[in-house]
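Listed after this line are the structures, all set down as structure tokens.
There are two complexes below, and they share chain A, which is joined by chain B in the first and by chain C in the second.
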Partner chain A sequence: MEIKTENYNVKYDETSHNIIFDGSLRLNGSTEYASISELLENIAQQEPEKIILDLKALSFLNSSGISILSKFVINVRNRKNIQMVVIGAKKNPWQSKSLKNLQRLMPSLKLELE
Partner chain B sequence: MNTSNITVPQILGDFIQNLPSSQEYLILSFSPSCIPLRQRWRNNCLSADFLADYLSTFFLGNNDRQPDSDKQAEVKSAVSYIANELLENGMKYSTQMSPFPISIQIHLNPDLIVFQLTNSIPANRTQQFKSYIQTLLNADPNELYITQLEKNEESGLGLLTMLNDYGVKLGWKFESLSQSTEMAVTTMVQLGI
Partner chain C sequence: MTIDSKSHLSMLSYLRHELRTPINAIVGYSEMIIEEIEEIGLDVDYLPELEQIRACGVELLTSINTFLNPATLPNSQLDLAKIISNPELKLELERPTQLVIHSCQQLVFSIEADFVSDLKKIDAAANKLLHEINELAKTPLPEKQEVAQTKPLEVDTIIEARNPVVTNISEPLETSKYTILIVDDNANNRDLLSRQVQAQGYQVATAADGKQAIEIIPTGLYDLILLDIIMPEINGYEVLNWIRAGSWRHIPTIMISALDQIDSVVKCIEMGAADYLAKPFNPTLLKARLGACLEQKRLRDRESSYLEQLAKANEEIGKLNSCLQAENSRLSAELEITQRLQMMMLPKEKELNQIKDLEIAGFMEPAGEVGGDYYDVLQHHGRVTIGIGDVTGHGLESGVLMLMVQTAVRTLMENNETNPKQFFEVLNRTIYKNVQRMDSDKNLSLCLIDYHDGVLKLSGQHEEILIIRFGGVIERIDTIDLGFPIGLEETIKDFVFQAQVRLSTGDVVVLYTDGITEAENYLGKHYGLEQLCTVVQRNWQESADNIRQAVIEDLRSHIGVEKVYDDITLVVLKQK
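Our next item is the complex of A and B:
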């Protein structure tokens, strides 16, 4: 499963259960984020043992995007049987500031900032 | 209703009324009536990145200390995030086809960056907005952020992330616009650097 655009890409590897985001995501509210929400919902529904959300190459995310990721984390948490790892990069300063909130939503979530 | 609210500007939160004059500042101004929101959206990112890029030359630009590139990247990213969220809010909440412009100003001071977004909103929506501001000012922003997300409530997340993740101070000024059913709202964000 993959979403490719001029400004960002979202790719799901079904064998490794890695979801890789790259580029810059600043869409207008939940309507424009619908295709990404749908992709994330599909992945959660499959209930893989472990999901790795790889955001290392996501240089920018607006608050609507943060909200979409947060809802995904709540969805995964509520299913109770999925391990969640989020990988960010210190070179994207927003990730050091904002990704810790995902852990507050799901305390068992593992956050790695490379 | 207290009529003094209509004639005298009303201040909420942390708002500096007479900004000290800073040497470095930028103002961008847009007309809400010229092109549809959908087309303008892309300009938010461009404007935010431009403001951050342009001003980054001056961050920590004092002669007595070497610019620290990590710090510079951090401030640049914060300016881009905050400017983009303010512009998104301005585009989303201002009166459609309003004759009044949406403007964003950024003032650089040695330890403080001050953002001001001004837009107009329909006068009958000001009470709703003011009561949201009161909720924001009286709550623990960390708790409110989590509560909003758990309730699947998206609005106001931009302001909450600024408070929680960037440690900003927020303030608002409401002013009536003569011979208009719109109010001018200025949102001020103070980011310590």
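Our next item is the complex of A and C:
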């Protein structure tokens, strides 16, 4: 599963269960984020043992996008049997702050900032 | 050319027509019998005799063309009396005609019963021809002959109360989609042509003269008209004129003419005929011309059906467009309402001036699609609360949520709730439950600042808060650990903490939403927090109003003419 655009890409590797975001995501509200929400919902429904959310190459994410990731983490948390790892990078200023909220939403979530 | 020779020419043309009509029948019927024999694979020994009949017919046509064709004669020799009394002509015509009659009498005993009636038609035509040949010398010389003459036609005077005679000669073929109207005053021609046209799978209707044609064309859906030129009363030109002038001009008309009537053919094409066919009818040519004309008609019909569809689609688009306009005006009405709601809840200048120890300058500009920014300054029992927040997403829902937050904050203040954990927990539950009811996926960042006696108490998660100390040194306060998004989770009290900042005279506090830091220039570059810090640092000694103005001006020069995506909110506090 993959979403490719000029400004950003979202790719899911079904064998390693890696969700890789790259580029800069600045869509307008939840309607424009619908295709990404749908992709994330599909992954959660498959209930893999472990999901790795790789955001290292995502240089920017606006508040609507952070909201979408938050909903996804809540969704994964509520399924109770999925391990979750979020990988970020310190070079992306938005991550050191916003990714903390994800960990608060799901205390078992492993946050790795490179 | 003199009038006299003109009328002689007309007479000649008339005679050719009279003589050719039976010859065409001889050629046509003999050809048809031969074709049918070949088609069904009959092995007959009388085939040479039939071929001889046909050959005689062709020979007769050649003779007519030789002796009665003015084109082969110089004008000076156009002496009608001399031409028609030419004994050679009589001989040339009589001999093959007699031969045809003789062959018919022989064949009638040996030929298959199916062909007898056609053979009798050949015989009758030959006898008629013989009669015409004998009458030829008796032809009265004309004063003025009116043949093949056109005059404008008054349609009203032609249509009389007479039952139209439509003979649908065959049952419609399953594959036949087209009906062809044959207009010819000669029964043999009609019969021959009908049979040839039917053999190609078309449906056929016939009219015996121009008058009948004009009566029946409006009664049926004819796809094509085969129209003889020379007919009594209303001739082919007049019928063509009538067709082209009325509602049936879309029906292609093929003129039937003799080969030497090339002038007439040109005239008909100029008048709007689709094509012409020469007598005797060559089946291959007939097939090709009918096919070509009907294909053209089919394309034209398809074109007009497309045009019709296009007109319908246009109408549909028109309707959708007016729906869209209605939807647009609904949306712009919605936006206007949302913007007004947001602006009307902002603290008034008068309220801000009532705060003793602080200079306060606020700025808010809702984006085209309102983003749900929130800022407020509330006072209750000497306690001042300054709030700043940002609802995710855009539109009416975001604006409404912002109103709810404002009311909830004010309610909690009026209820003297001072514990930040309690304050945020109740606020969050209120908003969370309403968001659930609204079936919305929105949440918001919110930072509340209690101010009392030079001390700021900060709680709630929002952007970084900037403190610019007297002299220009900047301190950035991260609020991530002071709270959690409101309305996202059922309970947040574990995440709520409070930070304290003491202000001295001249210290500046700057609050803002991401509409400022994420505003894009034409390259898509964000305005950024660093630039905001720089501008504030450069203006720290200015009044709160002037600092606000400096930031907004710098921000506008960054944005230029680019679209503003998000609400822009800025609050500047300065310790007096």
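Convention: the second predicted complex is superposed on the first by the 114 of 114 C-alpha atoms of A that agree within 3 Å, B and C clash if a C-alpha of one lies under 4 Å from a C-alpha of the other, contacts with A are read in each partner's own complex, and residues count from 1 in each chain.
In the analysis below, a contact is a pair of C-beta atoms (placed from the backbone, for glycine too) under 8 Å apart; a residue touches a chain by one contact, two chains touch by 3 or more.
Being a predicted model, the structure only gives us computed values, none of them experimental.
In the superposition on chain A, A:Asn92 makes contact with chain B only, while chain C stays out of contact range. Contacts of A:Lys11 after superposition: neither chain B nor chain C is touched. More residues of chain A are touched by B (comparison of chain B with chain C). In the superposed model, A:Asn101 makes contact with both chain B and chain C. In the overlay built on the shared chain, the residue A:Ile74 is in contact with chain B and with chain C. Applying the stated contact rule after C-alpha superposition, one finds that A:Ser30 touches each of chain B and chain C. Residue contacts after overlaying the shared chain place A:Asn62 against chain B and chain C alike. Common to the chain B and chain C interfaces on chain A are residues 26, 28-30, 60, 62-64, 67, 70-71, 74, 97-98, 101, 104-105.
By the touch criterion given at the top, residues 369, 390, 392-395, 441-443, 445, 461, 478, 480-481, 484-485, 488-489, 495, 514, 518, 526, 565 of chain C touch chain A in their complex. Chain B makes touch with chain A in their complex at residues 37-38, 41, 44-45, 73-74, 77-78, 80-81, 84-85, 88, 92, 142, 145-146, 149-150, 152, 154, 157-158, 160-161, 164-166. Interface of chain A with chain B (complex): residues 24, 26, 28-30, 60, 62-64, 66-67, 70-71, 74, 91-94, 97-98, 101, 104-105. Listing the residues of chain A that touch chain C in their complex gives 26, 28-30, 60, 62-64, 67, 70-71, 74, 97-98, 100-101, 104-105.
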